[in-house]
Structure formats: structure tokens, C-alpha cells
């Protein structure tokens, strides 16, 4: 057991904010899965308080398991009347837990390689993804996967590494199309350029289409979100400082710091919270605050700044019927719900339908799908039925983790739905609008018959 | 009154006011009518002490609704215990002694600007205690749902003479078990109801009465279904068969403007109202007082609303001679009987298949009045056993011989 | 080590259907009232009526006390575990079994969350009327156990008026199917008696509930007052004038401030001393008529402004704010004592003023938000359970409030139930005979008094019947394992 004062193992004062009303229960994916109070936000806070007040040992394995079982989707924060900042409490508790238990050496090594080396380093990340791609193509992966035990299936299901041509970094500067209305920077990210280079391109292309020149931030790769969510707060702080420094240099010609556009909801949510992460370091507080004010989610920025004459348009066949799945760290983490929908509605020719329970977590949760693959799948399962109910042809997301989770899940079940990032829709729609400067087509998109795996359950007699 | 009939303790003998059959097929028994709550307690206590069995009643007008008692020594009426112990018009509540007639109760409520449920037939011949013991709702349950929903609290005398209360006089209250829900509808087998508190509702400022004849049952049912779907708060809505004709009857009541608006919606289906305000109330009362349940022999059937047509068909009521009254939204039917109680009792099984229950009131027949309950009868027997182990409240009268 | 019957339960319910780990049992030690705590020996999470029945048979044989639990949002300690007892949680029984849009009934499992029923029937333009403030979390089974209310019960009546049938598992595992929805019961009204029995008569596993057509029009009014007294008087006036809105709620200043600081901020005026929140439902004409009747009355009592919600969104926000009020108090203090007394609606101002005075005298922070139309007061007292003296003062204040309500012709609970919290006060309201009668009825259902023992009826009232039957030698393996640690 840790010798530290148990009150330092969790954010004790924050646990007192919870008044035990239970409004969070129904929103929590792990409570929905188990019905177990200990696997609910209220229950986990109760456990944290138990640790702080000495009723539960700081190194209690069940307590640790409950911390890790949580997806930190933060759905509970969206409904909490007392304003409990559950995500933040979870980050602290996980961080302290990481210090109070000894992990198996293989896990410790994997965490050190992942968090310490690969994520923050673009070259190593590239090399790792190269290796993964090679293993996928050569069949090597099939052979080594069993060595990874429970994670074997998750590893095998990992989406195919895109061809080299799609893994280019962005140009250092991309000019605006037509008259330049402003300049912004984009976060290229760690995994994004490797797995979703096309999304980064689409992001820049859309910004360009609405009159913004974009700049990238050199070799900067990682904002530290995954570190923070997984109990590596020291690493997260170091990366936050790196990020602040790296972007401080990016200003307009007259010295005004440029907005930072983020197309990964998890990263954006985290970067907006740098002030809290660095709250105890006075010399960083002001810089973190200044920086976080510059951070905008892609949809947030485009919805606010697209000019009135921007008329994105698609041929109805391009995406078919489209539905949008709210990434948790966009809707719950940043309370951004309307902008993505407004943008989809703005695309002429797009048929948009709401996805039931779109604010429920898909189970990706950063690296959760790798850490706890079966729980992740169980959380994901009901999302598929919801998707089937919409009869959508395309699912739109705004976060790479969710993107991969949907790719993998759809692949597994054979449901024929395409997954794209919101930026891809907007870039394509901007492109089509340019190439067919004629009258917008009058006909509404046709109902596209797509084979369905699940019919909605009949419940009315 | 004949003193020779009595052979009881003095506290009972002193209150014997005549004789009454506890059921038409049971011998005449002394009728005991205490004048005060204390006298009532003394009477029950004496019965408990002396091993007597009694049948509680109000005015005794519906004793035929049960089975004959297995053994009874006297009939105990609360008719002398009448009046109001509290009336709070500004709170919408009233506390009433059990022997008060429903006519008096409704008049009192009306004077305070309120409507009081249940609106049962022949309210001058029905006491509140009797109606509650039978769990009897009125024609107004279309709007207000069963009467048991509006009993706020009760005082009862238990088998050993204990006075016990439950609930209170408040429109909202969950303190303690809802024992008044148990006593309501228990047919006097668990306790004698002494006093009850009821919730009151705003009296209608304006009323309208609709009546329209239809060529067939199907048409009449369709019409009532149509008007039941409208955004209209019916006070009463029924389908009536009398003299070989089907009629749909409806009563609207409420604020002037609302009733005006509602009758506009109803007009397309039921035509113009045939009476307004006081006349409407008169019509409604007349229909209510001619209900099949006012006949000496009748049956009550209940099912789910969607099965009303099937039940009517199964009982061959579309064209028969029976008088029928149906509350389509409540899915309750009443029909008059003419010596055919046994035949109807034989249809219990086919009714059960439709999820329908049957209650027969046929004093001249030995056809079982009640359906046979399922395994829950054991629990009911335990309730009876705990509250009245000695059988002071005569056994054999209610469901499953309770 | 392991009692054989625990192994039996494990085999019956599967690894996810039983909680044995002491750490996972820890959060089950309290429901919504954290002042009352006791760790259960085991928690069972069955999925079907059959599993509940078989589990109760085992527990009956082993004479283990049983506490049923829904979402654990209750505020009277109804789901607080008992010594040596097992908690049966209905949290995994949350299926909608049947929606009948023609007869307007729903058959659901007892663990379904209240709001999920209204969501499920919404596509048929139907809704389930009882709407406790915790409806986003609380289960329908829990609502039935406590006969819960909610703002709109003013018009539609408490839960009991909406329960058409039940499937009940008795303490010995017997399943009673009382679920055929008919207007009157056959025999005694067991369903009506069961509702509000606070888990002491058995466990309801399936519920048949009444659904209502959604009102054609709904208008939400917000009347803003410069004093709490005036808001209370306005409510009494509305009742006196026989107006029939669907809900009449009052929120005081402290409540408004807490709500406005939360995610449920709804635009309540933060400087108002009190607001009156009203929902008026029905046909367009009915609504217009009622609104026209209400407005002048409210203004006559000094409402400085009467606002109407302009959009559905605004309407929803006003109600979400009202319903999040309890949780929002977390901003004021770590714990909240929610009293739940009822008074005649002619005495609202008098009693509310008393609660304010008592809180002041005892140096406690009071926020008040309540179902004014039903006379159901909720003086909310903020406290910190770690401060023993404050806890004492809170409980004293609670007692004083209950005494005053009883004097005014009121009662102890309008919707939360008696549970553990108000048990001793039952003797203030009821006589020994009243309570003994409740005991007798309870013993007809549960002869050994093993279901939720030690709640609602003070032990003394039951002494003439039997002593409690649980014997410590039946303490479970889980308890022993914990003691050994």
C-alpha cells in the first residue's frame, strides 16, 4: 500500500461535489453494460471517496479495475447538475493509481514505449505504422497476434494501414482558395497523418475552400491527450508545454497568434483543458490559458466562419443517406453538438438523418479498444443496431478513435456503411460545388437500398 | 322489531333496529345500527368476544352482490353514522362518515363548488361506506378513473374492535401502507369502514349531454371510439342498449369555454347535444339510475378496451334482449339478466380466454357470483387470517369464500 | 469459506449477476440518502422474474434478509441495506416487454428507467405521466415501491393511479401474476396495496402501466415573485379558484442560483426570491382558458413578471432545471437532506415560513423547491456528513418540520416514503393500533419480516407479533471473508 496520504490519491474535494443524485447512471456505458453501481460514475466517485477516507486501500485491485473499466467518455458530465468534473477526477485517480501499483513488466514496457517514445515522435510513429502495415500485408500479424493474448482480436481487426500515398504530411502552408479571409494553423496530430492523412488533407481543403490559409506546426506531433486519459499526467504536462511552445510561434504577419484547428475531438477537448492540467504551475498558467482560447474544433470553426456564399453541394449518390455520430469528447468534452449538424445540413444534396443515441460512446475511448477489447466491443454493440435503424449509407464522425472503432466494427459485421470524417464530406462537397457551377440539382436523394443485418425490433403488437 | 330475535350481549341488543337478510338466500337476522363510533366499536367488540359473525352494510341495498355468508349472526349497519367530519373546499378534500348517502355527499361537495366521485346509480340508496366496501366506481370513472384512486385515508373498525386509520386527508401522501386500498373493495370481509377522506374535483360550470342512436353495435362502438380519441375530457361516455336499440351517450362538463369548444369537436360524430347544463345533468342522472346494475339480477364484465367487441360478440349481446351498458374506454360492461345466470356462468371459461372477468348478481340462482382467483387467493386468505382470524366478519361472502 | 447457497446463487445468476467483492459492494451501502449506510453482504443482479423467484427461494431457505433496489435514488433509505442482508438490484431488468398503443398500456421490467418508458412510447404520441424529478435515473419498480410522485402528479395523480397490474415475487419465491389490466381487481386490491409498500411485501418484477395520450397543447408559465410567501399564497389561490394546471412548482432563490450555475441553467431569474413554475396542458382552448384565469390571480399576489415559454426547447429547459435542482445543490454543500412533508394547500405559506425559521435558528442553509400544487414541501437542507454537529442539527430540524406538519394536519411523506429516515416519526402520526395493523398486513405477505426489515414501521409497534428472525449464524461467507481481511 502506498504510504502517501490517501487523500492525495484522488481529487478528494471534487468527490464531495457529488451529491449522489444518480442522474449520471443511465448515461454511463459501463453501468448500462453491468447494472453494477461500482461501474457507474456515482459509484466510482464513491469508491474514490472511500479511498480518500481510508475505507478502501489505495492499491485495491478492484478499485483499479473500476478505474480502468471507465471509458472516460464524460457523458456523465453532460448531465451532472452538481457540475462534477468526472473526466478530470478520473485522470488524477488513474495517474495516482499508476504510481501505486506495480504493473506486469510487459505492460510497463509497452506503456513506456507507447507513451514515452512512439506517440510524441513522428518518426517513430511512422516507423511503427510501417511495421504494422508490413505485418498486415505479409500475414506476419496473423502469426504473431496470438502472442498478445486477449488483445489478439483487436490487433487483427486493426484497420489496414493506408497506402504510402495517403500518408503524406501536410504542406507547411496551404493558401486559401479565392480571396484569403484569414489564416489558421492545424494540429496534424500523431496518428492522424499515418492512418487518416486523407482527413488532414480534407481539413485543409475545406478551410481553404472557405477562404482560410492553413499552416502546420513543423515536427509537433502529440498533444498528450492519450497520456492524460491513461494516467500519465507527468508525460501529459510535458507534452502540453511542448505543444504550447510549438504553437506560440505561429502568428499572423502582425503578430496575432493564429487559431489552432483540431480535427480530432479527443485532442481538442484536451487542449482546451490545458489551463487545468497546468494549474499548479504558475509560470505556465497564463500561457496555457492564452493557448486554450486559440483552440477550435474543426466543425466549430467552419460553422462559425464559413462565408454565406459558400455553397457545398454533393451528388446524392456520393454519400447517400448520412448520419452523424457525436464523438464523446466533442459533445460531452466540448459541448459541441450543433455545428457538425449545421454543416451537414448546409451541404446541398445530402440527406441527413439523426442517429439514435448518438451521444453514447462507441467504445473506442482512445486506446481503450486496445486495452479492453471485449468491453469495448460490448459498448459498441448497441451502436450498430442504432445505425441499422437509420438505414444510413454513410456514417460521419469527427474523431480518429471513433473512426477506427466504426471501421473495425462494420468490418466485423459486414454492414455496408462507409465511415468518413466530417471534413471529408465538406471537402468533397466543396470540390463538387466547384466542378459543377450549374443550377443545384432539383431532385432529392433517392432511397438507396442497402442490405441490412438487423431489422429494428418490432415491439408493438 | 322483535326482542325475541335477539339473544346477544346488551350493547348489541340495545342497537337492534329491525331485521335484514344478509343475502337474499339467507335467513333474516337482527339488524344492528349503532349511533356512534363508540357504539360501533362496542358492537364489533361484543361479536369478537362472543364468537359471533356479522355482515357489515350501509343501507343494505347491495347485499345481494355477494355470496351468502357461510354463517352469520347479525347484520351491522353504519347507516346511523352519517355526516361530515371535515370539509376543506379550499383544499379540495372532504372527510365523511361511512353512513352518509352518496346523494348527501355529492350535494355537500357541490355546495363547495366541487364534484365528488363516485357518481353511482340511485345515490339516495347508497352509502359511501357501502360503495367503498364494494369498490364501486361510478359513471364518472371515464374521467376520474376508479374511486379507489381518490380515497385519501380511512378509519376502520377491525375484527377485535380496534379502530385503525391509514392515509390522511391530504391530496398527496405516501406515509405508511395504503391500507385503505385494501379495505376498498374488500366487501366488508376485513373491517367496517367508519370514515373516509376523499379528494374533490372542480364542479363543472357547464355541461352538455349527447345521445345518438346507431343502427348497429359496431357503428355505435366505432362512434364512441372516435369521440374517445378526441382531445375531449369526457365526464362519462357509454354505449347503451335498451328496447332493442344501441345508443351512444356522452356527458361533457367543465368550464364554459372548454365545453363549447369540446362539443364542437364531438358534433361531427354524435350530432348536437340534446341537453345542456342542469338538463344535461338530469338526463345523465336518469340514464345512470336506469343502469342494468339497478335490476335485481345483472352481470358485470370487464376486459381490456381493445376486446370490448369480442366480449360483446362472445356473449351475443349485439342483438339480444338484455339491457346493456358499456363504458368503452374503461372496458366495463353491465347487462341485465333474466333467469339466465347459469348459462352465463357457463361462459366463464370462454370469457377468461379473452382476459375478461365476470361478476354475477343473481340472487335467485346458485351460480357463483365471482370468478375463481388464481394462486393469489392464498395471500388473500392470509390477509383475512391476520386481520380477522376468528371470522367476525362473516366468511364465505367474497371471492374464493373469503 | 464459501457458503453453499452463495455458490447456488452464483450458478443461478452467472458471474455478472452477483457482486461479492467488498470493494464493489461498497457503493451499495447507501441509496440517495448517504446519511444512512450499511454495506450489504451480497448484491444480486437478476435478469428475469424466474431468476428473482429462484434467488428468493434460496434466500428464503437460508433465512437471509432481502432489500430490493432500483437505481438507488430514493431519499428515505428504502434501499439502504440491512444487517446480514442481500440486495436484489433490478438494474439489469430494464426491457420494455410490450407496448400496447391501442389499450394504452405498457408491460415493462421493473428496472426500466422512468424516462425510458416515455421515450419508448413517444412515437405513439403517448407518455407515462408520473415524473419524479429523478426520472432520468430512477426505475419504475422503485417508483412503485415508494408510490413516487413528481411535478405532473398534481394533475395525473401519484404512481399508484397508473399501475394497472404487477407480477410480484413473494418472499418465498412464489410468483403472483396480477398483471391482467382490468378496471377492478378480482378479490382484494393486492396491486393497490403493494404500491407504496416500500419493498416490504415482495419484489415487483414486471409492471403493467397506464399510458396517456400526449396533450395537444402545453403552456409553461414562469411567475416571478419578490417573496416566497407571495408565491405560496398565489398557489393557495389557484387551488381555491379550482384551476387545473398540470403542475405547480415553487423554486426559491438559493435553488435558482444553484440551478443557474449548472448544466441545467434554464434562464430562471437569479435575483427573484421565488418563482412559480406552471404547466398547463390540454386542448388549445382549455389551455388558453386556464392561462387567462391564472395570470390575474398570480399578478394579484404580486408576481412582478409572468413569462411564457416561447419554444419547446425553452419549456424543456425550465423543467430540466427544476428536475436537476436536487443534484445542483451539490454546489452548495457535499450533502443534502431533502425533507418531504405534505400539508393542506391552505397552509403552504405558514409551513414554508416555519421551515425558514427553523433553518435560521439552527444555523443551517435551506433551499426550498417543491410541488406546491400538491402541498408537498421539500425543504432542502445542505450539510456535510463529516460535521457531526451539523448532522445533528439537520436531523433536529427535520424532526421539528415533521412535528409542525403533523400539527397542521399534514403528513410525513408525499412521495419519498418513510423508509429508515422517518420511521420513528411514524409514532407521531399514527397510533399503536394503526401501526400494529400495518404490521399484520405486512406479515400476511412476509411472515418472517425478512423483506426490507427494519423500515417504515418502528420495531416497537411490531413487538407483540414476533421478534426479527435473522440469526447471525447465517452471516454470509462474503461477510466472514471480509472480517478476516
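In order of appearance the chains are A, B and C, and numbering begins at 1 in each one.
In this text, contacts are C-beta pairs under 8 Å (C-beta built on N, C-alpha and C of every residue); 3 or more make two chains touch, one makes a residue touch a chain.
Source: prediction; values computed, not measured.
K.L.:
Would you mind checking which chain's C-alpha centre is most distant from the centre of chain B?
P.N.:
Between chain B and every other chain, the largest centroid distance is to A.
K.L.:
Report the chain closest to the protein's overall CA mean, measuring from each chain's own CA mean.
P.N.:
Ranked by how close its C-alpha centre lies to the overall one, first comes C.
K.L.:
Just curious, how far off is chain C from chain A if you go by their C-alpha centres, in Å?
P.N.:
That pair's centroid distance is 38 Å.
K.L.:
Taking each chain's centre as the mean position of its Cα atoms, how many Å separate chain B from chain C?
P.N.:
Using C-alpha averages as centres, the distance is 31 Å.
K.L.:
How many angstrom lie between the centres of chain A and chain B, each centre taken as the mean Cα position?
P.N.:
Centre-to-centre distance between chain A and chain B: 64 Å.
K.L.:
Identify all positions of chain C at which a residue touches two or more other chains, and write them in rising order.
P.N.:
Answer for chain C, listing residues that touch two or more other chains: 100.
K.L.:
Quick check: in the complex, which residue numbers of chain A touch chain C?
P.N.:
Chain A residues touching chain C: 16-26, 31, 34-38, 40, 42-43, 46-47, 50, 55-56, 60, 62-63, 66, 77-84, 459-461.
K.L.:
Which residues of chain C touch chain A in the complex?
P.N.:
Those in contact with chain A are residues 16, 19, 21, 23-28, 30, 32, 34, 43, 45, 71-73, 89, 91-92, 94, 96, 98-101, 111, 113, 115-116, 120, 124, 134, 136-138, 258-259, 261-264, 324-331, 334-336, 384.
K.L.:
Given the complex with chain C, which residues does chain B contribute to the contact?
P.N.:
Per the touch definition, chain B meets chain C at residues 88-93, 113-114, 135, 137, 141, 145-146, 148-149, 158, 162-166, 168-179, 181-182, 184-186, 190, 202-203, 231-233, 254-255, 257-258, 260-262, 302-306, 330-332, 355-357, 370-371, 373-377, 379-380, 382-383, 385-387, 398-400, 402.
K.L.:
In the complex of these two chains, what residues of chain C are touching chain B?
P.N.:
100, 102-105, 146-149, 153, 157-158, 160-161, 170, 174, 176-178, 180-190, 192-193, 195-197, 213, 215-216, 236, 239-240, 242, 244, 282-283, 285-286, 288-289, 342-346, 371, 374-376, 409-418, 422, 426, 429-431, 433-438, 440-445, 447, 456
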